[in-house]
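Below: a set of structures, written as structure tokens.
Next come two complexes, and both contain chain A; in the first it sits with chain B, in the second with chain C.
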Partner chain A sequence: MSLRFPAALVLSLVILFLIGPFLIIVAASFSAGDTLAFPPQGFSLKWIAKVFTVESFRQSFVTSMILAVGGTLVALALGVPAAYAMSRYRLPFAETVRTIVSAPVIVPGIIVGLALLRYVVVPMGVPITLALFLAHTALVLPYAVRVVSASLANLRSDIEEAAILLGSSRLGAFFDIVLPNIRGGILAAFILGFVTSFNQVPVSLFLSGPGVRTLPVDMLGYMEIVFDPSVAALSSLLAFLSMGIVLAAERFLGFSRYV
Partner chain B sequence: MSDPTYLTLEGLTLRYGDTVAVEGLDLAIGKGELVALLGPSGCGKTTTMRAIAGLLAPSAGAIRLDGADITRVAANRRQVGLVFQSYALFPHLTVFDNVGFGLRLKGLRGTALRDKIEAGLTSVGLAAYAGRKPPELSGGQQQRVALARSMVMEPKVLLLDEPLSNLDARLRLDMRTELQRVQAQTGVTMIFVTHDQAEALALADRIVVMRGGRIEQIGAPEDIYNRPVSRFVADFVGFENIFSIRDGKLWAGEAVVPLPAALPAVAGLAFRPRSVVLGAGPLNGVVRGASFAGGTREYVLDTPFGPIKAEADAGLPVHEPGANVAFDLPIGQAAPLKAD
Partner chain C sequence: MFHNRTEALLLALPAAAFAAIVFLVPVVVLLSESFRSPAGWSLAAYWTFFSEPLNQAVFWRTLKLGLQVTAVSAVIGYAAAFAIVSLPPGSKGRMVGLIMLPLMISPVARTYAWIVILGRTGIVNQALHGLGLTDAPLRILFSETAIFIGLLQLFLPLMIISLISALENLPRDVVPAARVLGANWLQIFWKVILPLTREGLVIGGTLVFTGSLTAYITPAILGGSKVLMLETLLYQRVTVANDFVSASVIALILVVMSFATNLLLKRIATARART
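What follows is the complex of A and B.
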């Protein structure tokens, strides 16, 4: 009983710190004033509307979408077979592979970005778009492998043997039996990968070059020049988009089971 | 029996590195036979079953089925069915589609497919559950679906991995009856793996007792139960008092049992608790424990040559713990062991 009051206080503070900044940004995006400020001055939708008229936002949004969707799909195409092989066969270097695959989560993004720029993009002349794409794929790969591995761990391998004894081939058993049963995990990995890639800043910061920028990097650049609430408005829109995706995933597949 | 060598294992050997799971196993199984592979875990029974199914490749030896060498035939072409211990139903498919999975791969479509699936489900009494998904079924129902899924494929051999061990006592009896009925109706050759002697005795036509990757004894349930050839088999089928014979004496471990009777020329003798005669005889022991077991009373006696387990009719006078009791081990009631 005596713990109840302090516990409630700590919980409220944690919630305030987590949600507070978000509430401030959302409030600021409906401001009628000309600078980013809190409390907002008046109420208007003009900054929300302005977001859609900024040409660089539109371009970097497309870039970010391509990186997030494409990078995650490639990561899944690599990650699903890798996770499957590691879960079903005793591979000699499985542990090493697992560590290497997890590396992008552990190594700070700023180091990854710098390393890619210094040793890949500049000396090898790799185009910036390709470098960004590779970097985002690598960053998403750990999530793909991990989430899919978790859902494979829940799937008994004897159902594949059962399929084979009923006349299926190994590949057939994978597509007919394994894949449908880890569909939820794959979709969860996709959403997690998409959000990770879309929100990625440090690596993209190093690799963004003239004409090619991801949306978060573009927003940073925009704020250095123009200090109006349109960045807040864009942030709110992105936050609601992310929440919408996650809520839909939770509603239709029980997303939290997989993450 | 039409063909006593319908399925044969010839020198079947499976090794993993230095570990030998199955060593030089020779076994012939007749068409329509119901055979149990019985043994403790690690005896090689499951490995043997998986080799027959084609899920494990033998290191040496051959497997012949219905006149053909299937040693190198892929698992998906052997026409061997397997009911897994976990049932291994496809969780994303309905009961109907689970049973139809193999039939579809065979190319069956439309009414032919539907009829076969429905016949299969009807035969295990689950026609009403066709639209359910496996997680909605009880363990017993899941197992019947797994049985139907294998049986609709009309396999040459049906393998069952511990078919009764996951079921409670009442369902166990149902499933036993069910398996015997399926076998009688279809005449399919069945091999099941179990570590439970009661299961093997109740269900099989013939029992293969395995130990350390080899066959210890093959025989009808009565043979195995009454005439075990070795200490290992005797112990496995409930002979609690097992002695060896050396130098014309009866030994319990390193102690001599002073039984004043002529011993047969065998390696050992095994007595069931109920063969031990309590109340009179040349041997003596102190009652350590007594427990009531319905029709009988079970005793543990402490003797100079170790504990003796005895069982007496519950109607007889009780020997209280601590009491000194005379007893006899009647050699005529013992199972003679060929190997210790």
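What follows is the complex of A and C.
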């Protein structure tokens, strides 16, 4: 069945509304003019080039990368065993554990950031960078547990039970049988966690100090002061980066099966 | 299924302890601060907070925008999801990809684009001026309208995706059957499609509603310092006035609203599973 006219019209308008603004940002980042405008005045790469020369962008990009990669890895190190316990064991208080572990997804990030600043950073003298790292890890933990749990649910548990009956240790069965089979799910969880952490703003708002800022928070601050197309250029670069990661994951792993 | 309880606890404990210490305890302490006063426990902070007209206005605006964005995204979402599920498989997949694409892009970038579109010299004002409809540029940016548009664009994909999976599970012959029996499109939607896709609507609605309530980036960029929502008000109270009491009151309001919406979702989902 092909689309009738009204349906095609609705769909085109929705796509225009969802994608259009992004295309405008991309176009604006190639502008030769000095202010953010559309249609762009002339064509140049100067704003793309400028992004790489802004010291604070470089610094906050590194911060965000470390948080997104490191925080997600730690979340996986915590989340994979927890997901395994919940799916393969008769875990006491399983519901409570599930609620605690997935709570960070329901509580707004700005509250987590403020709470950490007020009760952990200030009174205990914990460095802001560490608090930021812990907050991003907590934020990603629910996704890690959820995606890996889904992956474990799709894997028949009698395979590892068979391995144990045949003499493998429980740890050995996990590393030899379970882990290779949920590899895709773990990678999907990593990408989802990475994108979530990298784009996250509210949790990092209060957890910033001199020289410590995540990239999106830095961009928010920059655009309040300077109205040139460099934020647009940076936005396009980041968008292409994350689209590239997701497309590569989809191509090689069928990422969307897991999310 | 393994039965070793100690082993199970040892596996689950690190994650649970981490979430409890890093997240649960600080957040609960912050929330409890809103009930504390020099004389002991009290609701005084809430009284003070809500007796301020500005705070009241921000509270109602946040609620109103959340409901508006949810309602409009449901209407557009149904239309778009209908169109998408009736596409042939190949182009359906591509269309779903296009709808999901914005979710990969930083919300800061997505919101920033609206400045170019809605600003004083933005596309909308240029077009209106070019058509001779306005003499002076309209002030669209830094208003509730701008926030509404920004939130709708941010969260519409979530509604569409939820409704697509609901519509795909719709039995294939119910719509033709209703039509044969003489129902018009409005009746078909109201009596057949809506009840059968309720779960998808509730899931999408919860995501959109809680997302809008707890939005920070959109009101920060498109609302400016005057048109606040609860999260931007919280940020302002802390950074401008060092007012942690109001901040904890707002925090509790946000948490209660998110939890209530999620509980409602769970109830509707389980009620459906029982019938």
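Just so we're on the same page, the second predicted complex is superposed on the first by the 253 of 259 C-alpha atoms of A that agree within 3 Å, B and C clash if a C-alpha of one lies under 4 Å from a C-alpha of the other, contacts with A are read in each partner's own complex, and residues count from 1 in each chain.
Just so we're on the same page, a contact is a pair of C-beta atoms (placed from the backbone, for glycine too) under 8 Å apart; a residue touches a chain by one contact, two chains touch by 3 or more.
Bear in mind that the values here come from a model prediction, so they are computed numbers and not experimental data.
If you count the residues of chain A that each partner touches, which comes out higher, chain B or chain C?
So, of the two partners, C touches more residues of chain A.
Answer with first, second, both or neither: which of chain B and chain C does A:G167 touch in the superposed model?
first
According to the stated criteria, A:Y143 is in contact with first (chain B), second (chain C), both, or neither; which is it?
neither
Touching A:W47 in the superposition: chain B (first), chain C (second), both, neither?
A:W47 sits against neither chain B nor chain C.
Quick check for you: in the superposed arrangement, does A:V120 touch first (chain B), second (chain C), both or neither?
Only chain C is touched by A:V120; chain B is not.
Using the superposition on chain A described above, determine whether A:F194 touches chain B (first), chain C (second), both, or neither.
Neither chain B nor chain C is touched by A:F194.
By the touch definition at the top of the document, which applies to A:Y222: first (chain B), second (chain C), both, or neither?
Neither partner.
For chain A, which residues lie in the overlap of the chain B contacts and the chain C contacts?
none
So in the complex, which bits of chain A are touching chain C?
On the chain A side, the touching residues are 1-3, 7-8, 10-11, 14-15, 17-19, 21-22, 24-25, 28, 36-38, 78-79, 81-82, 84-86, 88-92, 96-97, 100-101, 103-104, 106-112, 114-116, 118-120, 134-135, 137-138, 141, 145, 157, 170, 195, 198-199, 201-202, 205-206, 216, 219-220, 223, 231-232, 235-236, 238-239, 242-243, 246.
For the complex, give me every residue of chain B touching chain A.
53-55, 75-78, 80-82, 84, 86, 88-92, 101-102, 105-106, 146, 149-150, 153
In the complex formed with chain B, which residues of chain A make contact?
So the residues of chain A in touch with chain B come to 156, 158-159, 161-169, 172, 176-177, 180-181.
For a test of understanding, state which residues of chain C touch chain A in their complex under the given definition.
Counting only chain C, the residues touching chain A are 1-5, 7-9, 11-12, 14-16, 18-20, 22-27, 29-31, 76, 79-80, 82-84, 86-88, 95, 98-99, 101-102, 104-110, 112-117, 121-123, 152-153, 156-157, 160, 210, 214, 216-217, 220-221, 231, 234-235, 238, 244, 247, 251, 254-255, 258-259, 262.
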